[in-house]
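First, the structure itself, so that you have it in front of you.
Note that the chains take the letters A, B, C and D in the order they are written out, and that residue 1 is the start of every chain.
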Amino acid sequence: MIPDFNYAPFVWSSYAIAAAIIGWQVVQPWLAHRALRRELREDHLAEQLEQANDA
Amino acid sequence: MTARPILALFKRDLRLAARHAGQSLLPLVFLFAVLILIPLGVGPGPNLLAVMAPGMVWVAALLSGLLALEHLFRPDLEDGTLEQWWVGDTSVLAIVMVRFVSHWLITGLPVILIAPLAAQMLYLPPHAVPTLMLSLLLGTALLTLFGGLVAALTLGTQRGGVLLAILIFPLIVPVLIFGAGATAVVADGLSAQAHLGLLTALLVLALTLVPLATVSALRLNIE
Amino acid sequence: MQTLIEAHALGFKRAGRLIFTPTTLTLHAGQCVVVSGANGSGKTTFLRLLAGILKPAAGAIERRAGVNFVGHQAAFKADLSCLENLCFQHEFYAGRDAGKLLVPAISAIEALSQVGLIKLMRRRAGHLSAGQKKRLGLAGLLVTQAPVWLLDEPYASLDESGAQQVDRLIDQHLRHGGGVVLSTHRRQPVLSVPALSCPIAAAAEAET
Amino acid sequence: MIWTTLKVGFHKLGTPQVFYRLSSLLPPWLWAGFGVCAAIGVYQALYVVPPDYQQGDSFRILYVHVPAAWQAMATYVVMAVLAMIALVWRIRVAEIMAMVSAPIGAAMTLLCLATGSIWGRPMWGTWWAWDARLTSMLVLLFVYLGIMALYAAYDDHRKGARVACILILVGLINIPIIHFSVEWWTTLHQGATIRFFGESTMHPSMMPPLVWMTVAFKFLYAAALLTRARNELLRQDRSRNWVKLLMLKST
């Protein structure tokens, strides 16, 4: 299934780097979105704690 | 004197460095800027560049190290956290050592890791790269230590920047001579035992004396 | 009544001259001492001597319990959020073994809600107003278990409700067996236990 | 009549909520488009196209190197247009899109430099050469990093974006200058072998995967741009109610 190329290490490392960099373009927004959601939820809980204290 | 405060300080320093990554990666970007300017200035000829490579990489590494010294103690003085080091029984010497280690990790280590790439751009013979990295390891540690001491000394003055560069110049001359010398000698195929040995001796000396001097310099400057 | 700090004829020299006449102060558990004196008479320097930041040029000091000093500037990193700053404060002073308060240190979020900064938990300390920074400094006290509080101008840039809050916190701290030494200008502390006074007088000219 | 609806549409696009809906609906399709084209392109590049008589199989790196280079430069052009719109009409969405393009452009430039350097090793015997095209590509990477650093340095994102947009326009003028100033060196890099307009010296059978990969990179840029822009919009408006309602409701 894996074709054997001459200069194989160079070809495969190039495609690996491409996959890594493109992979990061896919993963980064997803991570950022998840982190923001978690942060907003924590702030929401903190506010509820605040109301509970005032009440 | 448990390790928890030390770990807390270390984590805080790394978190702060990550928070303004632009500022902590400044030495690295400056190193590359210098390394790009040299071939543009001198011309792309491989053999000419190969001769200059050890010296150029070292000068660029030292200059970029200077940029980061300003952020060693001055931010702490300005926001009032520096005087908190003496409140409580955590020994200030340990705190200063932690600050040196975290500063070296943030500014020194990336320079060492990027050195092979930089050497390749200046056609440094590949067999000299390990020595370059080893000498840079000792050199950047020395730069952090001497730089830390000078930064602590000039903390009292308003803009320590210029004074800092002038004061540190004599301290880094031997580091440059032995460091660049070690790489150049290995590039020519000889052994660099002597250079690296002297550099290590200098580092051991600095590791013992500089933190003590820095602590007293800091205490003087927080009055 | 356990003594927390014993300072005997404490003095500090700047450019070779004593700044104030050497002063003696003994702080016992449950006591609040107000350091009084004219502007520039050396109140802050005296507090920093007590905290151990400055080395005394005259006299001696003996601290029998952990100390926490809050200066004019609340000592926080502007780039870190309030929560991160407090977590660091708790971690940094947690290692202290010198005499702890019986009361367990409260969590960072708890401390923030007590000083009314809970909504700003995520905000960077650098973006706070002067009053809010002062409250963050107080929250820093709650997060550590240092029995001795050394407060330099705790009421500065705080509104009346903030000042009352400071008094409440000091009262609570004294009830837990802590001690407080503070310097203040206009606003005097209003406590259940009357505060003692420790005057700072300018150094006599003759003394060199 | 059309002109007015276009103008209204253009400005309506600028309001955050409208842009949020747009940047939530489009990306899935764009990511899908990227996936399909990349799959076909990579398959053809690795399995279908015969090895080159001179370079053997190492020329297959071309199918990643060249699209990345084109995309790096195309991204900069798009970013400059967005920066122009942001500076002239002060449209916040254009500012966000310009700022968010910088990391993608930097990634493409990095990919181009890395794959080019790896391809250069067997062909020219060295990882790096101070050659016209390589040097100007490296400078382009520094321009991208500078834009990202400048934007990150400001706490006030509107001001930071405007300052960075000015830097983008300055960079736009600077890049052709750098390209031609280093052009006078003896260039190791091969001449332009792929010309759409002129007669291309590449063997036609090698062409299809390159087309697929280039289209794939366009999809990638569009998808990454909109997804990152949506995140940046949410991050900037996180204290607003519409973000809070949105983020907390859809747990």
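Just so we're on the same page, a contact is a pair of C-beta atoms (placed from the backbone, for glycine too) under 8 Å apart; a residue touches a chain by one contact, two chains touch by 3 or more.
What you are looking at is a predicted structure, and each value in this text was computed from that prediction instead of being measured.
Visitor: Quick check on the contact network: minimum steps from chain A to chain C?
Guide: The distance in steps between these two chains is 1.
Visitor: Among the chains, which has its CA centre at the largest distance from chain C's?
Guide: Using the mean of the C-alpha atoms as each chain's centre, the farthest one from chain C is D.
Visitor: Applying the document's contact definition, name the chain pair with more C-beta pairs in contact, A-D or B-D.
Guide: Greater number of contacting C-beta pairs: A-D.
Visitor: Could you tell me the distance, in whole angstrom, between the mean C-alpha positions of chain A and chain D?
Guide: 19
Visitor: Measuring from the mean C-alpha position of chain A to the mean C-alpha position of chain B, what distance in angstrom results?
Guide: 32
Visitor: How many Å are there between the centre of chain C and the centre of chain D, using C-alpha atoms for each centre?
Guide: Taking the mean C-alpha position of each chain, the two centres sit 55 Å apart.
Visitor: Can you check how far apart chain B and chain D are, centre to centre, with Cα atoms defining each centre and the answer in Å?
Guide: That pair's centroid distance is 35 Å.
Visitor: If a residue has to touch 2 or more other chains to count, which residues of chain B qualify?
Guide: Touching at least two other chains: 20.
Visitor: Could you list, by residue number, the parts of chain A that touch chain C in their complex?
Guide: Against chain C, chain A makes touches at 39, 42-43, 46-47, 49-50, 53.
Visitor: Going by the contact rule at the top, pick out the chain D residues touching chain B in the complex.
Guide: Counting only chain D, the residues touching chain B are 126-131, 135, 138-139, 142, 145, 149, 152-153, 182, 185.
Visitor: Per the contact definition, I'd like the list of chain B residues that touch chain D in the complex.
Guide: 20-22, 29, 32-33, 36, 39-40, 44, 120-121, 123
Visitor: Which stretch or stretches of chain A touch chain D in the complex?
Guide: Going by the criterion above, the answer is residues 3, 5-8, 10-11, 13-15, 17-18, 21-22, 24-26, 28-29, 32-33, 36-37, 39-41, 44.
Visitor: Of all residues in chain C, which touch chain B in the complex?
Guide: 14, 48, 51-55, 66-69, 71-80, 84, 88, 91-98, 146
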